[in-house]
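Presented below are the structures under discussion, each in the form of structure tokens.
After this come two complexes, each holding subunit A, first together with subunit B and then together with subunit C.
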Partner chain A sequence: MVVQIIQRAVMQGIPLLFGSTGEILTEKAGNLNLGTAGVMYVGGISGVIGAFLYEQSVEVLNPALAIIIPVLACLLGSLIMGLIYSFLTVSLRANQNVTGLALTTFGVGFGNFFGGSLIKITGLDVPSITLTRTSLCFQKSLPFASKLGWFGDVFLSYSFLAYVAVAIAIICTIYFNRTRSGLKLRAVGENPATADAAGINVEKYKYLSICLGSMIAGLGGLYYVMDYACGIWSNDAFGDRGWLAIAIVIFAIWRPNLSIVGSILFGGLFIVHNYIPGLTFASQELIKMTPYVVTIIVLIVISMLRKREFQPPESLGLSYFREDR
Partner chain B sequence: MENKTNKVREPLFHITKRSNNAMKPAAAWGVRIAAVVVALILCGVVTVLLTGENPFKVYETMIDGAFGSERKIWALAQNTAVLLCISLAVTPAFKMKFWNIGAEGQVLMGGLATAACMILLGNKLPPILFYPVMIIASVAAGAIWGLIPAFFKAQWNTNETLFTLMMNYIAIQIVSYFCYIWSVPKGSGHIGIINSASQMGWFPKIGGQSYLCNILIVLVLTVFMFIYFKYSKHGYEISVVGESENTARYIGINVKKVILRTMLLSGAVCGIAGLILVSGTDHTITRDTAGGRGFTAIMVSWLAHFDPIYMIITSLLIAFLEKGAGQISTNFGLNDSFSEILTGIIIFFIIGSEFFINYEIKFREKEAKK
Partner chain C sequence: MSRQAAIELKNITKTFGNIIANKDVNLTVYRGEVLSILGENGSGKTTLMNMISGIYFPDHGQIFVDGKEVMIKSPKDAFDFKIGMIHQHFKLVDVFTAAENIVLGLEEKGRYNLKKSVKEIQKICDQYGFELDLNKKIYEMSVSEKQTVEIVKVLYRGADILILDEPTAVLTPQEIKKLFSVLKNMRADGKAIVIITHKLNEVMEISDRVAVLRKGEYIGTVETAEANESILTEMMVGKKIELNIERTDVEKKEDRLVVDNISYVNHEGLKVLKNVSFTARSGEILGIAGIAGSGQRELLESIAGLRKLSDGTIVYNNPQTGKKDYLRDKTPVQIRELGIRLSFVPEDRLGMGLVGNMDIIDNMMLRSYRKGKSAFLQRKAPKDLAEKIIDDLEVVTPGATTPVRRLSGGNVQKVLVGREIAAAPTVFMAAYPVRGLDINSSYMIYNLLNNQKEKGVAVIFVGEDLDVLLQLCDRILVISSGQISGVVDARTATKEDVGLLMTKTGGENDGE
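So, the complex of A and B:
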């Protein structure tokens, strides 16, 4: 049963990991993107639209195309969301919180709208958006995983996107800590004026990290639909995971490697009520509260400690204008 | 954008802040209205692409959805009032640059306190005692929920954006918990209409209109907030703290006290919004009672530049879009999330338009002449 809990926790955690890694990348550039929830919805639904159109247009799915098309559609959708956000906050220097919230309104609305109306708009004669065939291509795991007992179940039984998520988080950690470009990015997030004076192109770094961050977060939406939900899109099913991803960013104190652990832990907290015997529905609701309580405690503790390396990027949430002094 | 221009010696244009030659208010409102018009045209185009209807029909449907009948107008006014109330609530905090995105949770806690009074005390206290208790309880519940993050912000400078955000979900879970505890029938997770027979704890109908009481409360609040910001010492202190905490400290304002007091007010008004939603509108509570309005209110308040009077217009605009787009979705068989897409587009445009009010773009040719 422990193995099963871990597997379920990881399945729950991977969308959060995508989301939080994307958000960390964005926040490292000094932009607090509260639109992550919306970006993940758009990523998910874009993938669904791509897969739906592909499934409807061919008789037999080509496994490679069945994966590539939704992934590209998802990346494109979330890239557009990232571009909207970065254009408004970086080029037009709009307030990041307001823009982020508007992005969430728009993104969640976009997801639910197309989730509910895609069939009507395309005029195809199908009862519901069920992408089981595409989902099977996504869910393929290593063939020898089941032969390795619990080790295989815990570490190797997931689909490729799960490993992509972990890989991206590790790459981001290395990028932030071990590369010159990562150092420059952190400089932009800490103090853009200083970075600018040092000859770093602040706008370029912000644009790139926001857009890449959005694309990573969008993949979380795709993973949720294709792997976790078996290719069935239902409105609002994705729920508050986007906000939970933002919570994990704090929990992981802006470090993608810690966010791997944090995501799986939060994923576990998300499902743990199913495994505690004798819970009433009411107390289940209270247990679902724990991820948020834990986040608040972490937030309070890091602010009390006042340790420099635990703090959010210094200029987080502020827009940069060169002539402001 | 910057990349392309970097190659030329002198950039095609550069941006300066309009600090000395600020745009006149009339011109600024012109820019904003132009942005809304352009956004509405884009919304029309999107709708036409999705429904294939003729564009004028689309706008007609929207207006019909919002103002089509007396009942619709009352519903629109009610939605506007609730949204306006929550926007008024978040405004004092924002003026202080305290990002209270926890209005959702504060409203829910206020509503939960109202519902608790209605369920537990509704048939035990005489009305003359019951109503004050209910009102005080809901205001206090919202205020406490707002005070918690404010305390940590004042004491340890804990990031309030993220703190208040998390408090929303805790409030949602607490409400879900009580939805199971008080559910009718037991275990269904729904409370249903509370005191439907006795109507205890419901706001009275004024002139046969059940929403009029809500609207009047919000109007009084609007006037109060306007005066509070403009003519009270508190209002002045809030704006000084918002401009610069150091200045505030220098002139002897107790910043911690202002933060605590302002969030207490912000939470209390959210509590009133919860009271209006539960006691004056739904007569029940679910985890969706606030329905994302806590977030929408932030945009409403920001779009109105934190001015309570302009907020009437901006909240009306958002409520109109909601109702209008709702009508489009019903008429054309589309999903009702359509309104969120339209709201998103319009807000993007208004957010973008602020840039042209605050900054000036100077092109190279003009510079050369000088």
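So, the complex of A and C:
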């Protein structure tokens, strides 16, 4: 049963990992994107639209195309969200919190609208879209994993997107700490005036990291539909995973490698109620609350430690204009 | 020695909206020299230099580097022409190490290898005599260390034209000496150095030539050897002004405020004031010297009743009643109700002293609103006071109803000082009252403090310019890490004496 809990925790954690890594990348450039929930939602529905159109157009799915089309659709959808956010906050210097919240509202509405439309097109009675054939392509895991006992189950039994998530998080960690470009990006988030004076193109770095961050977060939405939910989209099923991803950013103190641990832990806390016998409906909700309680505890501990390295990027949430005095 | 021009500016003009920051400025900087740019606040010194370092772009005019006309559109262009600027507000990332800050933004060939860079940076430090721990984080550094990082940064980028914007404003005399010796090394190395300042004595000490700006216009350049302080002041201000502070002796002195053994622990649990004792006398200016952040602010705020002390007593000898009043643990309102007239000019003018968005009249009322009897405001008296202050102190403002925020720093300070003096205080405390003020306004403030002293007020003056402290005050209290490291007689002490006390730790109160 422990193995099963770990497996479920990882599957629950991967969308959060995509979301939190994307958000960390964005926040490292000094932009707090509270629209992550909306971005992930749009990423999910865009993938669904891509997969739906492809499934409708052919009799037999080509496994490669069945993966590439939804992934590209998802990246495109979330990129557009990222562009909207960066245009508003970087070029027009709009308030980041307001823009982010608006983006979440917009993203969820956008997703529900197209979700509803697709459901109508299918003409079925159930309030959901089923893309089992595409989902099966996404869910393929290593064939020899099941032969390796618990080791295979715990580490090798997941679909490729899960490994992509972990790889992105590790690459981001290396990028931040070991590359010249990563140093520049961190400088932009900490102190854009300094970065500017050092000859770094602040706007370019902000745009790139916001857009890349949004695309990474969008993949979280896609993973949720195609792997976790087995290809079934129903409106609002995604829940508050976007907010959980933002909470993980704080839990991971802005380090993508810690967010791997954080995501799986939060994923585990999210589903552990299924494995505790004798819970009532109400006490289940209490246990689902634990990730947020953990985040609050982490916040308290961080502020008590007063260590500068654990603090958010210094100019997080502030817009930058060179000739401001 | 034939002089080779490093930078030549021709007819540079820059405007911000309707304000002309620089108008037809012509200037030449040679290699192997230190050129001072001298000017009052708002004379366009920093704007001019920002155009050379690529922060701003001139409206018209030409810039020549090594005889060739160039366009400097961004800080990166400036680096390419080997121009490096050390800004007044350091451009450093706090959570990075010194080395990370130094390599930031630099396009080097090969892999990113910090260890290799550290070795190369160390070489530069050794060459010019900088003492710097390259793996230390910026937020753990003192101001002087941060400045060193900035200088090493531009040198590491290969700059041979260095611009320093008010580099000495935040340093102790010892640190200034160190900086100047480093600058001299660089000058000997053939670098062109420009230093922006408004301290005349430093200009005389370090520079070879002095260029003077007034209200955005270029007035002229003189050889330092042929200049003296009064010539330079005249060029800077446009008229002769008296630079001597007249220190009078007041015959009758009484102990007005006796601070005994006070300690204060801040909200982070740090003991910011440790067993501080001193006496402020009427008819005397008591100077407080110390490195910024040594507890000066907390000390004044404790006396004003804004901080809760953990230990000690503050006694006020009331000249009207002849009684002793205990000020500790009293709020500002309670202090006022005792009939104690305490005026306080805090260092944070627009944060604690005035409300930026309110006009001058309303700001006057902040101190007197309790006098009103009816529920409605009576604006007549504050309006008269505001107009009187504007007249007497030559406040430059469109009118008494202009929001204070729109005034320049010096004028804001005049409004605040004027209001506090109008309250006819018996104790007058001022923290850095001339910070950011030009020479003219500074001397006006010094004179106001002197007037107060002559009226028998006990004046407490926290300053940063040791020359001024020594000229203006009667006694100087030196504070170091929250402790009194010494009290000296300002008539006999030297700058070095005070400078040493400022850095002394664990000092005792050795009386007078």
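The rule is short, and it goes like this: the second predicted complex is superposed on the first by the 315 of 325 C-alpha atoms of A that agree within 3 Å, B and C clash if a C-alpha of one lies under 4 Å from a C-alpha of the other, contacts with A are read in each partner's own complex, and residues count from 1 in each chain.
Operating definition for what follows: a contact is a pair of C-beta atoms (placed from the backbone, for glycine too) under 8 Å apart; a residue touches a chain by one contact, two chains touch by 3 or more.
Since the model is a prediction, treat every value here as computed from it, not as a measurement.
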First, second, both or neither for A:R186, with subunit B first and subunit C second: second
Touched partner set for A:A197, first subunit B, second subunit C, both or neither: second
First (subunit B), second (subunit C), both or neither touched by A:Q4: neither
Which superposed partner A:R178 touches (first subunit B, second subunit C, both, neither): second
Subunit B versus subunit C as contact partner of A:E309, first or second or both or neither: second
On subunit A, positions contacted by subunit B and by subunit C: 306, 323
In the complex with subunit A, residue positions of subunit C that touch it: 53, 55-56, 74-76, 79, 85, 87, 91-96, 100-101, 103-106, 108, 112, 137, 139, 268
In the complex with subunit A, residue positions of subunit B that touch it: 1-3, 6, 15-17, 50, 99, 101, 152, 156-159, 161-163, 165-170, 173-174, 176-177, 179-181, 187, 189, 292, 295-296, 298-299, 302, 333-341, 343-345, 347-348, 351-352, 354-355, 358-359
Of subunit A, residues touching subunit C in the complex: 178-180, 183-184, 186-187, 190-191, 193-200, 306, 308-309, 311, 314, 322-323
In the complex with subunit B, residue positions of subunit A that touch it: 32, 34, 84, 88, 91-95, 97-99, 101-117, 120-121, 201, 203-204, 235, 240, 243, 246-247, 250, 280-283, 285-286, 288-289, 292-293, 295-296, 299-300, 303-304, 306, 312, 317, 321, 323-324
